[in-house]
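Take this structure first; my questions come after.
We just call them A, B, C, D, E and F in the order they show up, numbering each chain from 1.
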Amino acid sequence: MPVKEVAAKIASMEIRGALRIAIAAAKAMEQEILDGASYDELVRAGDTLKDARPTAVSLPNAINYVLHIFDKHKSDDPSVARSLIIADVSDFIAGLESSLEKIAEIGSNLVEEGDVILTICNSNTVASILKRAWEKGKRFKVYACETRPRFQGHITYNDLASAGVDVTLIVDSAAYYTMVHKSVTKAFVGADTVYVNGDVVNKIGTSQVALMAKHAGVELIVCTETIKFSPYSVSGELVEIEERDQKEVWDKEAKIFNPAFDITEKEHINMIVTEVGIIPPEAAYQVLKEKFGWSLE
Amino acid sequence: MPVKEVAAKIASMEIRGALRIAIAAAKAMEQEILDGASYDELVRAGDTLKDARPTAVSLPNAINYVLHIFDKHKSDDPSVARSLIIADVSDFIAGLESSLEKIAEIGSNLVEEGDVILTICNSNTVASILKRAWEKGKRFKVYACETRPRFQGHITYNDLASAGVDVTLIVDSAAYYTMVHKSVTKAFVGADTVYVNGDVVNKIGTSQVALMAKHAGVELIVCTETIKFSPYSVSGELVEIEERDQKEVWDKEAKIFNPAFDITEKEHINMIVTEVGIIPPEAAYQVLKEKFGWSLE
Amino acid sequence: MPVKEVAAKIASMEIRGALRIAIAAAKAMEQEILDGASYDELVRAGDTLKDARPTAVSLPNAINYVLHIFDKHKSDDPSVARSLIIADVSDFIAGLESSLEKIAEIGSNLVEEGDVILTICNSNTVASILKRAWEKGKRFKVYACETRPRFQGHITYNDLASAGVDVTLIVDSAAYYTMVHKSVTKAFVGADTVYVNGDVVNKIGTSQVALMAKHAGVELIVCTETIKFSPYSVSGELVEIEERDQKEVWDKEAKIFNPAFDITEKEHINMIVTEVGIIPPEAAYQVLKEKFGWSLE
Amino acid sequence: MPVKEVAAKIASMEIRGALRIAIAAAKAMEQEILDGASYDELVRAGDTLKDARPTAVSLPNAINYVLHIFDKHKSDDPSVARSLIIADVSDFIAGLESSLEKIAEIGSNLVEEGDVILTICNSNTVASILKRAWEKGKRFKVYACETRPRFQGHITYNDLASAGVDVTLIVDSAAYYTMVHKSVTKAFVGADTVYVNGDVVNKIGTSQVALMAKHAGVELIVCTETIKFSPYSVSGELVEIEERDQKEVWDKEAKIFNPAFDITEKEHINMIVTEVGIIPPEAAYQVLKEKFGWSLE
Amino acid sequence: MPVKEVAAKIASMEIRGALRIAIAAAKAMEQEILDGASYDELVRAGDTLKDARPTAVSLPNAINYVLHIFDKHKSDDPSVARSLIIADVSDFIAGLESSLEKIAEIGSNLVEEGDVILTICNSNTVASILKRAWEKGKRFKVYACETRPRFQGHITYNDLASAGVDVTLIVDSAAYYTMVHKSVTKAFVGADTVYVNGDVVNKIGTSQVALMAKHAGVELIVCTETIKFSPYSVSGELVEIEERDQKEVWDKEAKIFNPAFDITEKEHINMIVTEVGIIPPEAAYQVLKEKFGWSLE
Amino acid sequence: MPVKEVAAKIASMEIRGALRIAIAAAKAMEQEILDGASYDELVRAGDTLKDARPTAVSLPNAINYVLHIFDKHKSDDPSVARSLIIADVSDFIAGLESSLEKIAEIGSNLVEEGDVILTICNSNTVASILKRAWEKGKRFKVYACETRPRFQGHITYNDLASAGVDVTLIVDSAAYYTMVHKSVTKAFVGADTVYVNGDVVNKIGTSQVALMAKHAGVELIVCTETIKFSPYSVSGELVEIEERDQKEVWDKEAKIFNPAFDITEKEHINMIVTEVGIIPPEAAYQVLKEKFGWSLE
């Protein structure tokens, strides 16, 4: 699919989800390379794609990584450079495509027989982990927060229940009472963006679940692909927290504050499960350097 | 209104709200006394009323207090005892009737110019305080949690907005983000029941608001009539947390846990505003002894 | 039994246990009164008894209370004063004798079906509560810390196991791991002395159990007769923490620090169960004033 | 001394210090009574005195207590009422005059051999306690914060050093480092006002010393006469924190924020030492009711 | 010694201790290489060794590292590869053998004159550090927890006392009281396994010592060779906490829960002293990558 | 400038400030290389420089890095080695020279419209960040602690006020009150030394500001060049906290404790802004390894 078409589909949200966007963008960039684009042309293609969705970090991450590959091989013998680039980009895309599978496998190892698990919103990584653990024969309970205002907890409920997982829905306000009185042992949450210092941007409500977990002796486990780690945060460019339409909250003329995300402090996070393994949140800095070849110098 | 009629209206929830129930019950007991009931008849009348709503603590509190008054005067000269009893019961009812007004006045003193206040659910005491403070010319901001599953936050919003108060609605999951990023200074919440040790039973979500407040440097102020202080808690008889119909949460066949209340730990409460003044939560023991003449001995 | 004999038995530890000491001393004082002792003679009798065991607060508490009764009636008509005193002292002794029973009843109300309870040392009040709750048909689990150096946890184990309670022994070092990984919901502990500010002196290890409970979201419930509340603490005279024989710890020539008690901070205590009902720890001040007529003025 | 003269000296700060002001005002009121003032005249005299210094709580407390005594005896036989009033007022003044002595005695019991004690500002109660403990032969170390902007710590240093106490001065910013690295065991601080819920208003810097103490495992002990407990706080009328002249901070044209006091949260206070004994901060409510006969009803 | 013999001695616990096992296994692998084993033969030898003790992480770590060295040189010129491999393996073994010495040196730098140090269990690294610091002339106090159920604290006591160190034994339950009342400044503990996120598995009781240390303002320092860092934890394969024979706890028919280890949260750890230097616990991820060439990709 | 002259100027504090010292030392070393010094001569030159100021970590860091560069190229072809070394050293010096500019740029991105920022002492990095943010048109408030005993806060005040920034001075004791009552959102502080585990040595008072920030929900941001990261801390060689002249505190014969620095715990630090980007404090280990080629092996 040509760059412009992919950009259009990202803009129209026909292609959505941080991982799917990254894969689509990387493939569009790969096609440009196969079509013989120069570095400058590739940069321009990347800019077109980036403009399609300015807020999701996985999009510029994927594009910048392809440019980084291109750049890395520029001093190689021209006769082999192109095939090396194509091989590396192909590996990168394959890595993206297998990341959810790897996270499911690693994360499912953390689930123990008899666990009582709380989750919020609808996260592909978390759902994959819980379903994988259930398939392996582990038996545990899940409490899913309904996740106002858009009720993504309903999707989680249906997804897990269809897979046979023992899942119960609660309102978001019942999270702390459930932790304490239903003996919750672990909380699994996804991530929208991971900052270089280990703080995590995710669906509104996550930061308070994390605070409660710390206070109730519950482990807080973030599950996310490394494509969501933000190199921009290294320069202090943080995500602007989106304020969404108030109609999502109440269908009435009223003054409503509707932030879509919040920021979970690293001190409340026990670990992050990624496709390259489990890390403490503070290793975000190292992953950014190793994985994306990022450097300010 | 005769006892049976009042009991029926309490049972059918025609008479509802902890304070209104207490007043109706006290008046029905007063009528019995005016009609010349003996102590034993009065006890039976009280039992009929108590059976109408077994969970609200204000109902037995009001009845037991009337019985306590009756008992206190039994050694008085019969020629004056009856009129003394009637006078005391009348005072008690007047006290109940004026308690909301007193709380509004006391609590409004706590509101400072420029405050940013968060509240949850719909509490008569909190709403009265905020409106009174606004009437006095103080200017401040209020964030009202919508309070799933029954959206009592909408009632709070309408009530405050009609009075001109600068109120903004948020989803319950945005409470912590709002506290931190909108510089909330105080949180005012109501109470369903106050335990002897200072713990407070209130609408589901209150205990997590209180935890967040403590973590974000926000004062947590509980506002309630003393008629909701539980003498039963002195004997370890705690409130059974009601689990309500799951249809309130999701109109679908699903496994849903829907607790109506939770318990806020005394350590997270800065003070309780009552009609007899401000107290630390741990003074609940003293109020119970002084106000209701309660004793295990 | 005459005062000297009682004093001797307390000194030799033939009579031991805070409550039994208090009852024996109160009865010896009662006998003095029946034998016609004057106030000054009574004071001397009390001094003899107090000298028998200088550290236990229940002993002077009982004696002082009898003196307080005597003093209270000195302005009464001499013809009735003596019988009033005898009646009051008799009531006081009866109250002491029934206090364990009352605590068992009140405390057992706090135990909920499915609870997982941790305890340390061997406390009559805690054991009575747990056995009473089990007799009422409630089913729960108990983890008993072995309580080095003297293994009083073995006594608790045997006592509860004989009564059919589902009890498991752990080493003291496993307390936190057990709280977190066995989903402990409540910790019940006894008390040696309760200070006026709500801090509690109890067997070494209690203060760290309380700290862990706070951190793991576990309720910490102290269970004790009010005869152990210390009026001396009102004047700043605190208990000197006894350092016991090092042979209790290791039968070897070695440098050993063997404190018998520690001090649990009031902030880590949810409530105290007494024979006069449940109180917050901070109500110790009020109980001291009401119960023992204590005053510095 | 006549009322007007006393009022003038309070206004000019010739008479200052919370306790001295209370004594002077009570004596002026006593004189009015001796001179045959009616209740209404007494009220007016009280108003004159109160106007002399609107912010110190000890002033209205003393006046209101004298009025309360007057009022209490109004139904007594007129032939004895006057002498009863005079006796009660005299007792009240004697109590005020002996309160510092009592606090010194009680508080000095809390000082243990080998203690390392931190203090801030210059508090009569704290200095008296430390000097009394030293006189009793206890040996300990004191670190005195210099207490910017007015360096009251220098007065404390001189006072303690003159009495032979081992005292060391530190800057206010070194408080936490000193606590951790010099193994501070206790912090003693005074109070300007005690609120009904146990929060304490005192010299700027006290609230951060209290926070650090909690974090470093140091006991925080407030030492104050009960005449500083605020009945106004029961109605939510809190102290307006005075902002003082910026010249105290920097002798230069600059934007300076110079609050004179701050508010220490009750959770950070282990106990309050008063002339009526040691109490938990939450017993402020009870002291206000018992001591000052205060009631909103 | 041939592989089978080493495996047998590891299985029979003739060779025990994480470091000694690692060295023995590495030497057996080295012998295989010297004997001309192919990569596949080496893998099989490694599997034989690993099966000898499935739970200790140092064993597979040592084997995998030797395999990693072998693998790293497979593209080298065959004429030099073998000698390069042998040199690298030899370096690796030398590194293991010198690690305790290096830790003693580094850790002893952290001990300051006048420190009061608490430790639990018997750790070679901790004992080496404390003895080294004492040899350097530093003077400090040590409190050693007896470490039920197996009293390894007695070994620590004897080891330190023999070296002249000022050591005192305490029961495990006295840890918190000792921290607060004996002004403990640092706690040194060993490790059984270090997880990738910085959490540390160690002898039961360590996690509660760490919690208390955080609450009492005491530094918690973990001392361990990097051979105990777990690459398996990267994939979520955590250590199964061993439950040991109940006879260790009580020689009686009884229900006993006897976990051998617990997990200390990274938030409670100030630093980890390793032979490659001091690191924050969160750098476990980096050490695993650099030291063991570990990668999931 | 020759080495001896630079050393003299560092010793006399003509050259001061961690960054300026590092640049001067690196340039002196560069001159030695240009003058044809051998490695041994270079080591001796470095020792001369290091002796000039034994406590500042930036000095040995700069020298060691130049030696590391020299060492790194020793196996290069002699014909190019020298120019490679000179180029690398030149880059290093350029990096030092531009580091403040980079930190200003990165840090200013973190400042948000409407922020209320607290700072302590006078830090070049913090002042540069705040002035840069103001230049970019962001509007916010700054509270500057006066920073006893040397009032460096006055310098900060003048610097910011001259640049038009809305800055207010407070005494150090007003920090917590200001955080809570003026809704402080972020605290920016400098660093004297950063330890390998992420703990930060800085001006006395910083550690208590950090503790208060954590408690009041305020972000604590450390701003510093990486030249202040201490490789010595990797070996456990920590900074000896300087005790300065007591005359700085009080111009009087008195016992005064005047520590110049304190240590902020990594748990209280949200992030560190460096010239190589933002990092979590725990990444200090990684920066030390990457930036300075540091290794214990």
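Simple rule for what comes next: contacts are C-beta pairs under 8 Å (C-beta built on N, C-alpha and C of every residue); 3 or more make two chains touch, one makes a residue touch a chain.
Since the model is a prediction, treat every value here as computed from it, not as a measurement.
Common neighbours of chain A and chain B, by the contact definition above: C, F. For the pairs B-D and D-F, the count of C-beta pairs in contact is higher at D-F. Averaged Cα coordinates give chain C a centre that lies 35 Å from the centre of chain D.
Taking the mean of the C-alpha atoms as each chain's centre, chain D and chain E sit 55 Å apart. Chain C and chain E have Cα centroids separated by 44 Å. Each of residues 215, 267, 280-282, 286 in chain D touches at least two other chains. Taken together, the touching pairs give a contact graph of some other shape, not a line, ring, star or complete one.
Chain pairs that touch one another are A-B, A-C, A-E, A-F, B-C, B-D, B-F, C-D, C-E, D-E, D-F, E-F. Of all the residues in chain C, the ones that touch chain E in their complex are 120, 143, 145-149, 154, 157, 161, 166-178, 181-182, 203-205, 207-208, 211-212, 215, 241, 249-250, 252, 254-259, 262-263. Interface residues of chain E facing chain D in the complex, by the touch rule stated above, are 179-180, 183, 185, 215-217.
The touching residues of chain B, counted against chain D in their complex, run 95, 102, 105-110, 267, 270-271, 273, 275-283, 286. Contacts from chain E toward chain A in the complex involve residues 196-199, 233-238, 265-267, 280-282, 284-286, 289, 295-297.
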